[in-house]
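Below you'll find the structure, written out as structure tokens, and then a few comments.
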């Protein structure tokens, strides 16, 4: 069976050969911006918007990717087309961009590079088994003691790979429940984000989510707000605190791979009646309709195989 | 000419072959702890302390390096001995540890790994040309608008490779002066650290440096405090603010490669009389004596060759 | 040629004789509230609103101006009428109020005064040459390291003359570019204001500006929001951070003298395509129409003379 | 009787003629640095240190006074000598420096000046009647709701005349008691300073005062610390909060005119036994001895005349 | 005359016998949640909503009241009916729930209890004499130096009896005026709440109140927002600061007993023209109409009797 | 068997009759200050200091206990003597003071009381079984997401009974481990206190504890510092953060009942080698010697009976 290809700085290489120097700034400085797109029924979802946001991250970090957004879209599409035959029809994939500043030179200026940017683009099977059961039962959302990096230190809207703080927060919540999902607060104690996911609450029929100030301006988040508008579900960008989560009727996370992950417990207490709620279900159904596949079913089917 | 060897998760490979998968958590999550030691006259300086601190970083990040500190010291020393014949006698080298959590699996838990930790140990020629002139003239220290990541988000004492915030701060100060060195403030406006270096001021004969609360607990910083004690220079760990820097008599940075980098300008204004000061010179001389080489001369000699 | 008159605590004096004691609280304590109005085609713009806001500042600072707002309007209009003949028809002027608490007495209570309030009202030619080219090219907006004085220390909506923090911030940005204009952040890292000007961004067709919490509630700002409403440009009062500025399509400052100053660079990076944008132009045209003169042309014409 | 002279930018003028343009940056921008020295028995106290600190303020604010510190000392001494014959032998005086950036030009850069710095130096009779009774009874210290300007906005160690925030805080405490003296907190709720004075507590025999982080590094404060050392009174620079003030045995303020002002009430509650305490008295006696006059007596004698 | 009954953990006891052990967690830990409802013309106002909020407080504090909300409503109504005959027809009453965790056991876990929750429900005559005159004259609102407990420490929306911080803040404002009502700020200096009451301002016809982030989400507050909507008074949840209060046209507090308490002075300065304003009056009239009694008259009548 | 007596506002009553009105401010407002002393071998430990601190709390909260400290000591001693015969010789007791402001009157001023202060003094058997095993194994210290109430809201040094925030934090850590002990951080992310206990770390032989800024100034804490000085163990009051706890060699809590509670795990990771450390043991031995009983043995013996 042929191997999946990876785009590595202009070359297509087999996935198992996709390696970078240990002197790359990706390794030495976490100096990488990124986007994760997924396909639904083999079609990439909002790929243009992901690439648009990638170029915002590149701009703010002053990394020169070596080509413009149109060219990036072209080579991304080429890679996807090359790999798609390797995926079964019921299977979808991630489509990930990681662009580092290149091989760095130790010295007084960390941005001096020995090479141009390292462009890594790859597809990966969308393995949803880890999330599947949450569509049915909901997950346990837990708050870590550590707080999100504030935007005055590093803006979360720069989608980047210097993510150690997220990993450590995630480990803190695993102390409560080995399957807990993090609800990270900002330094003022407001709900910010899950590591890489946005957070939504439903209270008295109103959908609420923090403004993207100390959290990623997620495209899945944006999709939810668009679907809510279509479904006439009122929505608000507002400040949320743990109290809001404890007393909400429904809660869920959004992120590229799983779209919607309901949360039915928060710090050991039930959210609402501890079942996945009607607004959450409605939004998931609408998203499924939008992309032409049953999102939860796809994940649950993977469990069986 | 034989190539330098790199220790890569148990194997010695040639430097140009030292590559890791683009799926390693080093690349995907910046999930790497690190230490940088240097040699003086081919002898590693405070290697045991560096490895001790590495194991503190490993513990707090819950990364299992696969061996204990004693074994890490052994394999590090072996690597150094293998590579040292490739360095000329007047030349010194970095000795760097980077340990990532390994190849990660996309899913709800970022700490689930497909492999054990990726251990990268390498030596690199100590190229000091970038810093050489600062021993003579001092550098220009500049304050960026961005602030250090607070310890409640990610403690700077975990020496890690999720360093994008440092790189962006460094780019901000380069807007003022393409050779500026950063003096990053914490979110309360206190002097914290240079990207990877500690900061010292001398005022009325007293050496002052911030307590390691929002900055790395540098081993070079520790060396300075030890030398100061031997030289009867009074020293204080205290809160410092830009006003203290503007009105100091002398200022310098400390870090593994250059040991001491005097700063003779701060945000466009002279520090003291804009010359490298007597306390700074005394400390550098004492450090040179401690390690048996003239630190500044080694760097300046590189400029000539 | 007769001299411009200045209203000085009830008397009209020639501008060159308009002097106050060095013991005035204006000098000793920066204890002065202020308003700056300008004329368009010799007509004062929103003078009543400026005087209304002046009386809010007087109230909060507990300074007794010695007359009420109606009387203040009367004497202001008188002064303007006295001076207008000295301005050429194409020329406009500032109309400035500075009211200090009066001559203070050193002692335990800084509000004990030896005199009643010192009322200074003057007109000055509106010299727009410093700003003229920014209408065409836009300016370079730069963020200083210092942060705006928080409202819990001194509310920026009290328009006052204790402005040293603004001057120092302005000097910091001049280190980057001698013509840079400051974008000062608040202590949480949010965009607050330019020294004396408000800040607007345009993103995806939406006009955004910070709520007047840690910044002046500018009357020019208010004019922009009124014009936007008339032009059906959606607008938002919201929290903005440097990321928003970096990724905006357009940006501009507003203030009494120049009305709108486009910003086409931010911290060394282009804003949008680095040209003055269409929404900015539309708003400037509408303002010009409102006041019956071509605002940019007036400034550019001054450059030629 | 001849008038007191004022040094005004190189000229000696009579006090009643000491006036500056209303366009001076002192008036328009509060852009003035300052020092207040006093004499004891006609000898200026720590004048060199005051001028040294003045030059620190000038440096950090980038104001060019037009002469160096030695010349400033010379012209200051000249002025003092010219005026001293006008003071009676038992009378002392203030010796005040105010240096503004000069006459400013309205435009995009607030630091462009139409003139060089405005240097104002004057002496004023040391009228201590306002403080006299506090030597005997102590004053009422009260905490305002407003908080000190944080150093990241404007460092209090830059002794400057943009002091509106202090005046407003002072007015807040006068709501509690028309003779109250302010104990201003910083934005974290720690005791910072009185408007222009430092704060000392005595608890269990230990003298405590905040480190000069969000407060002036007063020379009177320094004198107290020196006297304490001579008297073997242990002293600490430490964080203080209202609780410490409420539960202290003694409390006092320090500033140039009154040297020591005991506080015997704090927010309506007695400090200690509500009498001026023994450590306070000892320090005041030592200071009196140092300068050769009975400081409290001088003030109390003024009350009688 | 028979005594009022109190519901005490399942039993009805006479008010004078309603006592709890000094070992109850109400006493030892302030570990009590609470609601205060009032009657209008003997009908409880929004009792269901109060009980709903009580159950939110119980949930977040993990106190098990021993019965569900429906049962709580039933026993509450029973108690009210038992007591109402003791109130005269023109008299109304408080209806208060206090539920503590029960009798606690000293040891490493403060939540281990020797008993189930202590349920206290009582009615009390609605003595409005303390507030009566404020309907006519308005009260004096004053800002204390202490700041509201931030939600990351204890969310004010948990209506609880650990209220010492409120009492101390209230005492601070009584230093200014023995009848002052507190306007407590949050730790960022924004207006938060009165001890137990919410705060409204009217500026240019718009009703403004802080979002319930660092203050109670009051049901009286909710009533005001509902009445405003019915009366077509535009309203905003927004950040308010002392400046907004100083410059508002009208201001009032809301709370269960008095419904609306106008404030006509703020920190010694008049609010608007120092009279109870038209919007305030309109809202009070609408509320009176809603509940079928003249709210202010009821209070004022009590003064006469 | 006769019952233990409780001192209740001047009367001795049997413990089972020690009840207070549900209208007491202790219940309604958490308006109670407190002290907990313990006996060792039937002798109260530092009772004078506890009463001295009680009077500091009374002063700052402006509660009038109705008698002075000497009288309080007398009645406390009387109560203890009355109850001691009821304790077996190997058994010790708590000696607790709770003083509330008295029965409060609902109205605009929460400090108006219907009665004088409610004074509750009682003894309770010192049941140490909950803590006994921690002397041998150490406990698991865990950090909650909630943060300590900052001193600008309510100073932790006021030992008070408005303790709901502590109870909720304690419940958060029980989610990790049902026997976890809390390490509560302040709002800046620094280690503050355990609910009612202080925190000590030992690193490289140095004993470290936070300064009492956002934590109780514990008398047990003070005892540790005194014992350390006697034992020549260097100690520091300093800022501590979770990193310090993770990398410490030893850690322990201090509080009145258990004196020292070793912590051998922190957030799931071992502290040092996960055994009770030598410095901790030395301090506990010294304390035992000081009070003449083996503290750990007393607790462990209780487990057997």
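The letters A, B, C, D, E and F name the chains in turn, as written, and every chain counts its residues from 1.
Here is the rule we use: a contact is a pair of C-beta atoms (placed from the backbone, for glycine too) under 8 Å apart; a residue touches a chain by one contact, two chains touch by 3 or more.
Note that the structure is a prediction, hence the values are computed from the model and not measured.
C-beta contact counts were set side by side for E-F and D-E; E-F has more. Of the chain pairs listed in E-F, C-D or B-F, the one whose interface repeats that of A-E (more than half of its contact pairs identical by residue number) is B-F. Subunit B and subunit D have centres, each the mean of its CA atoms, that are 43 Å apart.
Look at where the CA atoms of subunit B average out and do the same for subunit E: the two points lie 57 Å apart. Looking at subunit B, residues 60, 62, 147, 150, 152, 158, 185, 187, 189, 242 sit in touch with two or more other chains.
In the complex of the two chains, the subunit C residues touching subunit B come out as 142-145, 147, 172, 175-176, 185, 187, 189, 242, 267-268.
Of all the residues in subunit E, the ones that touch subunit F in their complex are 6, 8, 18-32, 60-62, 94, 98, 100-101, 106-111, 120, 122, 124, 127, 129-131, 134, 139, 146-150, 152-154, 158, 160-168, 170-171, 174, 179, 181, 187, 195, 257, 261.
Every residue of subunit D that touches subunit B in the complex is listed here, in rising order: 56, 59-60, 62, 150-152, 155, 157-158, 211, 213. Across the interface of their complex, subunit A is touched by residues 185, 188-189, 238-239, 241-243, 246-247, 269 of subunit C.
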